[in-house]
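Reviewing the structure listed below.
By letter and in written order, the chains are A, B, C and D; residue numbering begins at 1 in each of them.
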Amino acid sequence: MKRDTPFTLLTNGTALSWADVPEWPLAEFLRNVGAELGRGERLSSFFGVPEGDALRLVAVLAFDAGNTLAVGRSQSFSGSFPALTATHAQAHLFEREIWEQHGVVPENHPWLKPVRKDHGAGPAVGDFFRVDGREIHEVAVGPVHAGIIEPGHFRFQCAGEEVLHLEIALGFQHRGVEEAIAGGPHRATVYQMETVAGDTTIGHATAYANALEALAGTEAPLRAQWLRAIALELERLANHTGDLGALAGDVAFLPTASACGKIRGDFLNLTALLCGNRFGRGLVRPGGCLLDGDTERLSQLRKRLETALAEVQQAAAWLWDAASVRTRFEHTGHLHAKQAAAIGLVGPAARACGLVRDVRFDHPTGWHRFAQVPVSVWPDGDVFARARVRWLEIQRSGDFLREQLDAVPEGETMSSLPALAPNSLAVALVEGWRGEVCHVALTGADGKLRRYKITDPSFHNWTGLALALRGQAISDFPLCNKSFNLSYCGFDL
Amino acid sequence: MSVHDTLLNRLKRGCETMAYPKGPAPALPDRHGGALKVEAAKCDASCSACVTVCPTEAIARPAGKPVALDLGRCIFCAECVTVCPTKAITQSNDHRMAVRQREDLVLGDTGKEQVRLAQALDEKLRRLFGRSLKLRQVSAAGCNACEADTNVLGTIGWDLGRFGIQFVASPRHADGLLITGPVSKNMELALKKTYIALPEPRIVIALGACAIAGGPFIGHPQHHNGASGLVPVDLFIPGCPPHPLTILDGLLRLLDRLGESDARR
Amino acid sequence: MNLDPLNFLGQTLALLLLAPLLSGCIKNWKAKLQNRRGPRPWQVYFDIAKFLRKDMVISEHASWVFSFAPYVVFLTALLAGLMVPMINAPAPLRLFGGVLAVVGLLALGRFFLALGGLDPASAFGGMGSSREMTISAIAEPAMMLAIFTVAITAGSTDLSQIAQSTQSATWKLLNPAHVLAFAAMFVVLLAETGRIPVDNPATHLELTMIHEAMLLEYSGRYLAFMEWGASIKQLVLMTLLVNVFFPVGLAGPQASVAALGISLAAYLAKLLALSAVVVVVETTNAKMRLFRVPDLLSTAFVLAALALLSTFLFQ
Amino acid sequence: MLLTFALWAYVAGMAGALVLQRAERLANVLGFGLAALGGVCGVVFSVSSLAAGRAVTIAPVTLWSGPIPDVRLVVEADALSCFFVLIVSLVGLAISVFSLGYARTYYGRKNVGVLAAVFNALLLVTTLVFIAGNLWMFLIAWELMALLAYGMVSFEHEDREARQAGVLYFIMSHLDAACILLGFLMLAQAAGDFSFASLRGIGAKLSPQQRDAAFMLFVIGFGIKAGAVPLHIWLPVAHPVAPSNISALMSGVLIKTGIYGLVRVCFEFLGPPPMWWGASLLAAGTVSAVLGVLYALMEHDLKRLLAYHSIENIGIILMGIGAALMFLHTGHAVLASLALIAGLYHTINHAVFKALLFLGAGAVLHATHTRNMEEMGGLAKRMRWTSLFFLVGAVAISALPPLNGFVSEWLTYQSLLQGFGTTTSLVRLMFPLGGAMLALTGALAAACFVKAFGITFLAQPRSDHARNAHEASLPVLIGQGVLTAACVFLGLFPTAFLKLLDPLTQQLTGHQLSQQLTLANGLVLSDATAQGGTVSTLGITLMAVYLLPVPLALWAMFGRKARTRIAPTWDCGQRGLTPQMEYTATGFSKPLRMIFKALFRPRREVQREYDFSPYFATTLRFESHMEEVFQTRFYRPVNLWLLRLSRRLRALQAGSLQAYLIYVFITLVALLLFAS
């Protein structure tokens, strides 16, 4: 059903020429975007395209109910623009990023702070939000954390053990991925796409491949799309199993923690069986898949998948049976569905608050057009719900893989990629294991990539963690943090 | 989850830790390829196919000298292996790649077809850390894959704890620093402060292509192309990400805990 | 003043050497229960020896209390250990203190450990000290009540006396007062030595640590003394539990060498059995939410009160 | 002879200070110097008399006999009064030395002469209370003490809080004076004479109801003075506002007059006590101990925290005395003297370490100009000696070995433990439960003093005052040093001190216990039963020194080449730690506030303001308050009821002469009826 909307609609994984994107003066553009957000639509990407010294804003909206995307742009302007964040919280990080990257000021933005602080001074330097009260003290958990995790700065305002406010300052993992793609695709671009977020290699590489294929007007051969879907589900299985183990480890429940640690290694080895690299590097390329699995390799993969799924079934059973674990998981880090929708959560974090959002279901592309994976949703919005959603996704990904590996499509896996169409825009969404990965590619007149915007699901979800901690005990923070398990390098790019 | 069926299940499964290094090393995935081998003899001077195809400019052809492949910058994409007409660069399926000096990673000269493996620490440090090495991990940009593979070493299959190697919470308790990622400018201060917080004697391990020379993001102005510019590095473990077996081999080689099974060179 | 040097020297060495071995065994068994080989039981010795050799880095905010605390923790644990009967009933420092002195010395160690945690001005140290003092404030009355129950039936607070009197009437071990007191002491043992339901010794998350958070700033030999003191304190509490509440096989005052041998064997067997129980509890339970821990300890207090009541009812 | 010399020294000090008010420096030296001299004489006198073991040291002497018959001021000193004179003189000596340095802060600001004079007067009057021979002397000295203390509480009358505290102190003092007066009048009416000698054992002549009534009056009267719960509300208000040396005197000595009165009355005047007397004192002591420490934990004002701790320690003393009374009832005289010794030993211990802590607080207050612990920090490196003395006081008050708090609580534990076997009635369960509550108090006190010492002295300074604080002057340190030495001596050599208590227990319970309590020629303290528990703080300290070579040998063997380096605190690699990131005092005790929230009833309000969307707050304010349970539940309703009653009574003042004549007539008729 097509709703009357001033935006141009396009489906996921397709391209349209830059001219077809509707263009309005700045105020009208922002009013239209605000109207769509008011109707409950979701903002997938919102960024600036520099034109000379002026700037043009581009918005990509996801109409989940309508199973379609919508694109719109503003005329070029400079100076400042009225912020959307005042009324729509989900645009707050995008507007801060536009301010930091292009210098245009979002007027009366309630929380205008740098996102990655890449020019000059490092992150976590600015003045943090202070709660005033005699007994308030700050707890600063800095970039270097106690375990083996990525760096991020968490500033808690505590009254004793209770957290009143949490502010998260990231930017430590900033390596300048987007700046490097301009004028691309270069030789190293595809490798950089695979290392935007190491544990979502297949997610980002598939999105990049879809975007370039859309710009080139072709499509990867069916067997390649099948292989990409298989690798994506294997990556989801590995990460969700690792998360269940890590959640058990954070409440010191040793049986599941140790078992899941090993089973995650088994799933990674299955991906390595396909492409030699445990994280699926070197598998997905624009135009198809570099490596293929012959029947003997696929049957071996099918057999080892069976044993791994049985083991994770046993490990998860322990977790759900243990009453001491359940008391720790329930009612910790609670997030209401209304809050989740307002800040635009995606992926398991959103589905754990009861929101039905899954790119494989709402905007199917590639092999997901032919094979359906049911959406795993859980209503409560606390750590228990996020763990249960992960467990449901493990089971459903397992079923999907069994079903697909029993019916292997024929055909070769690699096709050559023609030149990219000039002056055209492509949007590619992929349901990475953390949520919706969104790549938007815009080519210039010479067919080279003029602007390439990557939005990792963590970019939407970090505010969710900050909200979930309000009123919790500070000793529950590691558990809540691990229940979201967001990517720092995906946010920092 | 009653006590009964935990114990029962445990007895049934027995110990799942691998025998390595006492027993044989677990096999690398067959398509992994392991370390690269460069035979300068086979490489004819005129062709430079591999130089143009390498994404991180790891291969260079200094005038008059045979091809030089820097394994530290290599992200093991094996493009050069497929494109080389005379098979001068081949994959050796060998997981052992850890070295002590940065220049040992540059292959190509005669006698340097393969990586010169790391010697153990000197007598004093080995006596100190031989059976109890506590490491503090610092992730300084990078893609979190090296952290994931270091974490895997802690699981029951690899069980790093049995060698007395442990990752600790505070640098005060640590003897060594394990750095991953190309050390972004935003993480420079944190890395320096962590290094200062370590009590002497201390060692530094650069894990992965990013920490050695910048990995896939080599040359970006936002980072320092690896840790060697900021802190003295004692052990380089190449790979993107290095296979857990390579990391474990590097650590044990450093502490001379490999026994006679396959200590080479 | 019968402070025969042999008994004194023997017990001091036993305390120093057995304590790290015991915590190493517990770590090893926990690993075995997770199907991994785990660190060898004597790994703790290597760690302590290495820490002793290493340099020290001291915080610029720390005062003289920071450097004084490790010695207090180490010596109070050692002294408390010398007052508890290990192999033969009369402990070496039996004359210098009974159970009240043992509890007092352990409290003195905890007092300086908490101050050492607060000194370097880091939020984690403050958090660890606050939690440690809160938990011990609730655990101590439960421990005291359990000890009173046993002391009252024995008629004195001298540990050797208590052990011998409980040992003489073997049926006494099974009367409800004793069983309840043992259960209460076991819960207190879990709380005091920072075991899983209360605190996770092997955790990596500074925000959830209790005991470990106070040691974050210590390095070199100070850290060695702190870790060693903590393991000796764990051995002392376990010996208290094993030799005073369940003194089967404890040799009398003038025991022959054979009796001492049997007593040593019985003591080690009981110690390993108790460690096995601790390991199973740690493996099958998740860590409690911090605000539930006082409820756990108040149940220990109720258990001890019931033990007291039952001495009154069944005597 | 020495005692009269001490009294004259106080009088001279008072007079000298008053006369030389103008010359502040001279008044200070003269006043406090003479007070110190008086203190020395008092200590020598009491120690020599107690050591000599004489039951009565000074026969009754009439100081002054006025025109009205048998209104004479008689002075008499027996073992009990000598013991308390020892307390007042020792603490007075230390405080006067401390005040020599501390008073300098008042130069130019306040009248140092008056301070010295009143200080001397207080010492004089308190000593007179302890050696009062008859009713008049006791009550007059008691009243003077209350007035002088009121003067000192509102010494800094410019701030409203001090004035209000003074008024509250004044009312409560006169409430307890009234009760004591009534009690003594009941006894004197039975004895027919006002001298204490005739009052001894008078209880036998009174009917049981009268004895119980007299006991209740004395308990309320002396309870208010001592500060037991629920009569304690004036203590945490009055003590903090007085100048530090005076609050040390008040906390250390003045509240001990309540204990002295209680012991004198219960053990000597009222004869053999029924069971419920001891049980009620034990219960009141336990409640005071637990509530005192719980409220102390919630304080972030250093002196209020110490004031609440006085309530806790008074509770512990009352537990000892209550247990002693119960054992007297059940006929176990030896056990009664053990419990009494425990109570009295804790009295002198508390006097010493509480005065030490208040002096320490005074020195810190002077350096940081604030009583709020949240603005202190980092003083250990700036005030090295004061922090050492405060730490010794903190270890002593937390009843940790090897100091004196541990010894007196050890004796209390022993008496409670053995109490279990003395009777078969259900009341014997009170002893172990009392013991468990004592353990809870000890553990909470340790938590409170980790907070007090940690937040005040350790980590980073939280304010500029704290940052540039400097060590106190020499007399201030000597004053604290004297008390620290006393703490260490009372801790390490209890058996030596117990000999001094022999004449006292002989007088009150008829037993001398120091031989039975001493083993191994004075090294070990035993609990006077055959195979009972023993403890030796001196032994523990010697063993600690004996074992010290173990860590040192390990250091020498392994870590000879190890160097030490100073580096910033580990802050997870961020820009650096600010004082705002340190733990606060209220944060430290928050978990305990949550556990005991039934008692504290904490209320918290979070005001969140935002301009546009609730997800981005502009300001967030957090306030939490605790309900003062006793004020709101008990004292305020009583106040309101009293006001309503008095408003109704005002109707009687109709203002017409005839009405007043009728009232006179009615009362006359009533008296006649009553008299016949």
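To be clear about the criterion, a contact is a pair of C-beta atoms (placed from the backbone, for glycine too) under 8 Å apart; a residue touches a chain by one contact, two chains touch by 3 or more.
Being a predicted model, the structure only gives us computed values, none of them experimental.
J.: Quick one: point me to the chain whose Cα centre is farthest from that of chain A.
T.: Farthest by centroid: D.
J.: Busiest chain-chain interface by contact pairs, anyone?
T.: Counting C-beta pairs in contact per chain pair, the top pair is C-D.
J.: So which chain ends up in the middle if you average the CA atoms?
T.: Per-chain C-alpha centroids ranked by distance to the global centroid put C first.
J.: What whole-Å value do you get for the distance between chain A and chain C if each is reduced to the mean of its CA atoms?
T.: Each chain reduced to its C-alpha mean, chain A and chain C end up 48 Å apart.
J.: How many angstrom lie between the centres of chain B and chain D, each centre taken as the mean Cα position?
T.: Centres of chain B and chain D (C-alpha means) sit 67 Å apart.
J.: Counting only Cα atoms for the centres, state how far chain A is from chain B in Å.
T.: From the centre of chain A to the centre of chain B is 29 Å.
J.: How big is the gap, in whole Å, between where the Cα atoms of chain A centre and where those of chain D centre?
T.: Those two chain centres are 65 Å apart.
J.: Check each residue of chain A and list the ones that touch at least two other chains.
T.: 137-144, 146-147, 151, 160-161, 255, 258, 322
J.: So which bits of chain C are touching at least two other chains?
T.: 33-36, 49, 53-57, 123, 127, 130, 204, 206, 216-217, 220, 283-284, 290-291
J.: Where in chain D do residues touch two or more other chains at once?
T.: Answer for chain D, listing residues that touch two or more other chains: 563, 565, 567-568, 570-575, 577, 581-583, 587-591, 594.
J.: What graph shape do the protein chains here make by touch: line, ring, star, complete or other?
T.: complete
J.: List the residues on chain B that touch chain D in their complex, please.
T.: Residues of chain B touching chain D: 138, 170-172, 187, 189-191, 193-194, 196-197, 199-200.
J.: Which residues of chain A touch chain B in the complex?
T.: Within the complex, chain A touches chain B at residues 116-118, 122-123, 142-144, 146-151, 171-177, 179-180, 187-188, 190-192, 194-199, 201, 242, 255, 258-259, 261-262, 264-265, 268-269, 272-279, 281-282, 291, 314, 317-318, 321-322, 487-489, 492.
J.: Where on chain C is chain A touching in the complex?
T.: 30, 33-36, 123, 127, 130, 196-197, 200, 203-208, 282-292
J.: Under the definition above, what is the set of chain B residues touching chain A in their complex?
T.: 1, 6, 9, 16, 29-33, 53-56, 75-78, 136-152, 154-157, 167, 169-171, 181-182, 184-190, 194, 215-218, 220-223, 240-241, 243-244
J.: Would you pull the chain D residues touching chain A in the complex into a rising list?
T.: Answer in residue numbers: 300, 374, 571-575, 577-578, 580-584, 586-591, 593-594, 604, 606, 610-613, 615-624.
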